[in-house]
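In the two complexes below, chain A is the common chain; its partner is chain B in one and chain C in the other.
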Partner chain A sequence: MSSTDVKSRLESFNCYYFDKDVTQKFISFLMKKGDVIAPHKTGELSYKYEIVSDATEVVLNYSRTILPLKKAFMPPRETLINFNIKNNQYTKPQISTEPKIFFGIHSYEMQSIKRLDYSFITGLPESNYLTRRENCKFIGVAYKPDEWHFAGSVGIDINETDGFCLYFYPAKNGYIVFEITDEGKNLLDEFGEGSEVTDEYLKLNEDKFQAKIKFHHNRIPEIFTHVYNSKVWEDVAQKCVGCGTCNLLCSTCYCYDVHDEIELDVENGQRDRFWDGCMLNKFAEVAGGENFRDNLGSRNRHRLYRKFKYITNQSDKLHCVGCGRCSRYCPANISLVEIVNDLIDDYTKQQQKEIL
Partner chain B sequence: MSKPKIAFFDFTSCEGCQLNKLNLENDLLDLLELVDIVEFREAMDDKADEYDIAFIEGSISTPTCITRIHDIRRRTKILVALGACAVQGGINAIKNQHSADWVKETVYGEDKYLFPSIPVQPISAVVKVDYEVRGCPMSTPEFLHVLKSLILNRKPEIFDHAVCVECKLKENECVLDKGMFCLGPITRAGCDAICPTFGQYCTGCRGVVSNINKNGAVEMLKQHGFSTKEALNRMKMFCTLELE
Partner chain C sequence: MENLIFEKKDLYNPIISTITNVEQLTDTEKRFEIALPENQILNHKPGQFVQVSIFGFGEAPISISSSPTKSPLFDLTVRNAGRLTDKMHRLTVGSQLGVRGPFGNGFEVNNFKGKDILFVCGGIGLAPTKSLIDYVLANRNDFGRVVILYGTKSPSEILFSDEIEKWKKDKSVELEISIDRPDENWKGKVGVITTLIPPLKLDVANTIATIVGPPVMYKFVLMALKGKRVPDENIYLSLERRMKCGVGKCGHCQINDTYVCQDGPVFHYPRVKELKEAV
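Up next, the complex of A and B:
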């Protein structure tokens, strides 16, 4: 992506300059409007989205959080109902619709929420997710791709502003803040502290991705119609230990399991749901013990087909957003970009063998 | 409906799992409302002839263990193995990696002929085990889940996925990533990732997930800087028999 592309895209928006202090003041201003959820440094090497209690703790130059933003709308564990089996009654916990502002979000993460919206609205709408999605604003920030980000290869530019009301772009000692929507403009008008952007600050440039898929993203679904029986899946299965990390941390994976637990009075209980994943042993097991994907090759294949083919056929969008979590956190160092590139090589070889 | 009769038996073990149950202080009285405990050496002297559910702790390691476990199996409707020793042989099975004679000599010296000893086996190697509660010591919430399920005539739901899953649900920072050793990627969940959550690493006490990719696991640990030997030794600590 050349710098002129970024420029022309972002320059169509009105913008202000915020230095570091004004940025923190702005976060405090947002905190009066609702819960502000933003990245925090929470370990030796890790970041997490957390509710801001002190504006100075927000970190805007982060690589990626451990859990994706889906955790805000579909918590890792949640109680669906509380029940009593003696009198056959149940109640549902209340889900808050208080305003939430997500601050410091990367473009691929915003796009992952759009993919999840599709998944949860299509078919039977999922009411807990949709209730949590009400009253949310998203404020984006540019990021520097590390060796695992590859959003560019799935068609999501670093400075993709779709979904954000405001967008923060790093500048000397602060940020250029772009007004993306009227909602964003209203926030800035009310805050009223940004200063005018001078040429000294407006140096827009899009960083390059280090990890890349060899083919243009619009060719990827087609590749997947030819590689179902590829040897690549066996190679992956040699290395993969089936831990499920790649599913659980994926920004767009949404599968869950449901578990009833009864209290010691054997009368009251609760039905909980928690994240599940297609890499796990029991995921494709049915009554009687039959397992439709009983090996790691077919499970990895299924995982990738869900990202690049199955839902894509229905939604016209790739359901991988290139956040790189599956690869960054895989204990066996399996890289999704490498798998896709190996499949592309396999496909190309197949094609070259064909004679007219 | 009369209360189900349950009994607890210990085989070769440290008896930590049974003590773990006595630690259920808060729940113990509620528990007694639901069941009749008819045999429990650690806590009482009574004995009974028949049981609805027998909970077995410890591994099989002597000829008498075999006679005893057959006898219990005959008298119980349901048999549940409790803890790493009963479920997968556990720490005890390390002895199987050495010659039987050397082991006896080391433990009993000249008296070695007085103590008949056989290679360690999990309970399931000798009699049918209906359900398992894993861990060293066994996980108390899982024990309660199994017990409540059986009382309600439901099939207990036992996980067969890795500790990594529970770590991720809690958004823990990966300890392998921080340079520590960890067996979380191949060890069965159900402990709520208690060790990594408190800054420790997973020692694999709950045994490996089914369909374990053993070579993949060794390669994974090598990528994190551990030798094949260290990887295998650590993997075998609780799982000698599951990795054969």
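Up next, the complex of A and C:
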């Protein structure tokens, strides 16, 4: 990735310089417009999206949050209906449409929301998710890839601005703020601060990804038409412990389970949905105990096929955004990039055999 | 997202419906006749299912065992096999339960017109098939031969004995029942359901075969039909999966890229052959 790509991406947008103080003032300004959700530090190397209560606590140079932004639109636990057992009546909880501003979002995370939009709109558009998606603004920030980010390999550049209204790019003692959309421009106009960007500040360099998939992202779905029976899945199964962390932390996984819970009065209760994961043993079990994906190889395969093939065939987009969470937090140190690269090797060998 | 046009839907709100009749079919199976409120019509196709729920006990997919010709009432045949179905079995006429649906595709009955129909039903698989059998018998002149093969483990597990008596008397229905583990009173055929297939005389090119039963049954029935040279494109099967939503979101019923709740539960066999992890 050369710096000209960065330039061609960002230079067409109007921009201003915010120093650190102005940046914090801007966050406080946004807080008057609605809930501002931004990354906060929760441990030495861990970050979390939280509603901002103090602008000074927002962290903009972070690697990634542990939980992805999907939690804002599809909470880990969510009540679908509140019911009364005695009279068999129920109500659907009201979902807030108060304005929300997501601040300091990385491009892969923004793209994960676009993927989820596809999943929840396609077929029957689900009101729970889509109501939460109303009145949302996203303000992006550039990031420095660590050893796990591989968004570039799935076609999402660091400075991809699609979905953002404003984009923050680090500069000396502050940020260059790019106006991506009219909505962003209106925010900056109303805020009224920020200074002209001089050459001293406008130095755009795109950082390089350390983790890379060997093939261009356009060719990944093609790989997956040839590796269903690859030995790679058995190799992964040898290491995988089936804990489902990769599902829970995946920014585009949205499978769920539904349970009824009864309150202590034994009269009222709620039907809740919870995040579920196809890596968990019982996920594909049916009545009578038959399990159609009863081994870790087939479950890993299903997870990756959902990212690179099944949904992709319909949406024309890869549904892995390269955030690296599944690999960063895997207790067995399984790397998604390594799996895909192993599959590519396997596929390449297959092809060579066919030629010979 | 702002530019897309779509209508948001509350997908998880059940319609509170009333049980109008309960019939004990076997030791473990009951048939429930259900009425939606205000004479609403479920508007289902044979082979479709609904998500049934009882507050506090959860929700599960249950296939509709009556033909649309029975509207506005419809039947659910339920085996007492878990928390929800156990509670259901304790409900009586007038009790209420939640219904969402109908979901799935159902059988394309128009494609079956003029054809001989071979119904292959294993155990509780007769329940979903019965929605189609009833439909075919209600429109008897539109179809050719009606051959029903039904296999259960023991005579006590035979479902719909009233209907079966009627089918036995109906000269336009050919019915064969086989019991895997007979008791001393059983006078009929003995063996798994596949043993009923080889002796059949079929005009295979003009025969539609439907298969519904426990997961273990499909491979063997398909082999037996292959032995009779029934063309793959004449075979339909209904697949069972766990489903939490019925609307193509929760992921539980997914086979490769296919959601059983949306593209099934009824599948054309050539499609199933493309899927792995299906049967």
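Keep this in mind: the second predicted complex is superposed on the first by the 352 of 356 C-alpha atoms of A that agree within 3 Å, B and C clash if a C-alpha of one lies under 4 Å from a C-alpha of the other, contacts with A are read in each partner's own complex, and residues count from 1 in each chain.
Note that in this section a residue touches a chain if its C-beta (ideal position, glycine included) is under 8 Å from a C-beta of that chain, and two chains touch if they have at least 3 such contacts.
Computed from a predicted structure; not experimentally measured.
After overlaying the two complexes on the shared chain, residue contacts for A:243 are found with chain B alone; chain C is out of touch.
Contacts of A:295 after superposition: chain B is touched, whereas chain C is not reached.
With both complexes placed on chain A, chain A has more residues touched by C than by the other of chain B and chain C.
Of the two partner chains, chain C is the only one that A:124 touches; chain B does not reach it.
Touch criterion not met for A:348: it reaches neither chain B nor chain C.
In the superposition on chain A, A:66 contacts chain B only, with no contact to chain C.
Residue contacts after overlaying the shared chain place A:181 against neither chain B nor chain C. When the two structures are aligned on the shared chain, A:205 is found in touch with neither chain B nor chain C. In the superposition on chain A, A:24 makes contact with neither chain B nor chain C. Shared-chain residue A:262: touches chain B and chain C both.
According to the touch criterion, the shared surface of chain A, contacted by chain B in one complex and chain C in the other, consists of residues 259, 262.
Only residues 27, 30-31, 33-34, 144-145, 148, 151-152, 157, 159-162, 164-165, 168-171, 173-174, 176-178, 184-186, 209-213, 215-217, 219-220, 223-224 of chain B touch chain A when the two sit together in their complex. The residues of chain A lying in touch with chain B in their complex are 42-46, 48, 66-67, 71, 76-77, 237-245, 248-249, 259, 261-262, 264-266, 274-275, 277, 280-282, 294-296, 329, 331-333. Those residues of chain A lying in contact with chain C across their complex are 80-81, 83-85, 88-90, 92, 114, 117, 119-128, 130-131, 133, 228, 254-260, 262, 269, 271, 273, 276, 278, 283-288, 290, 292-293, 298, 302, 305-306, 309-311, 313-314.
Against chain A, the residues of chain C that register as touching in their complex are 1, 4, 6-14, 16, 53, 55-59, 81-82, 96, 98, 214-216, 240-242, 244-245, 247-252, 254-257, 262, 276-278.
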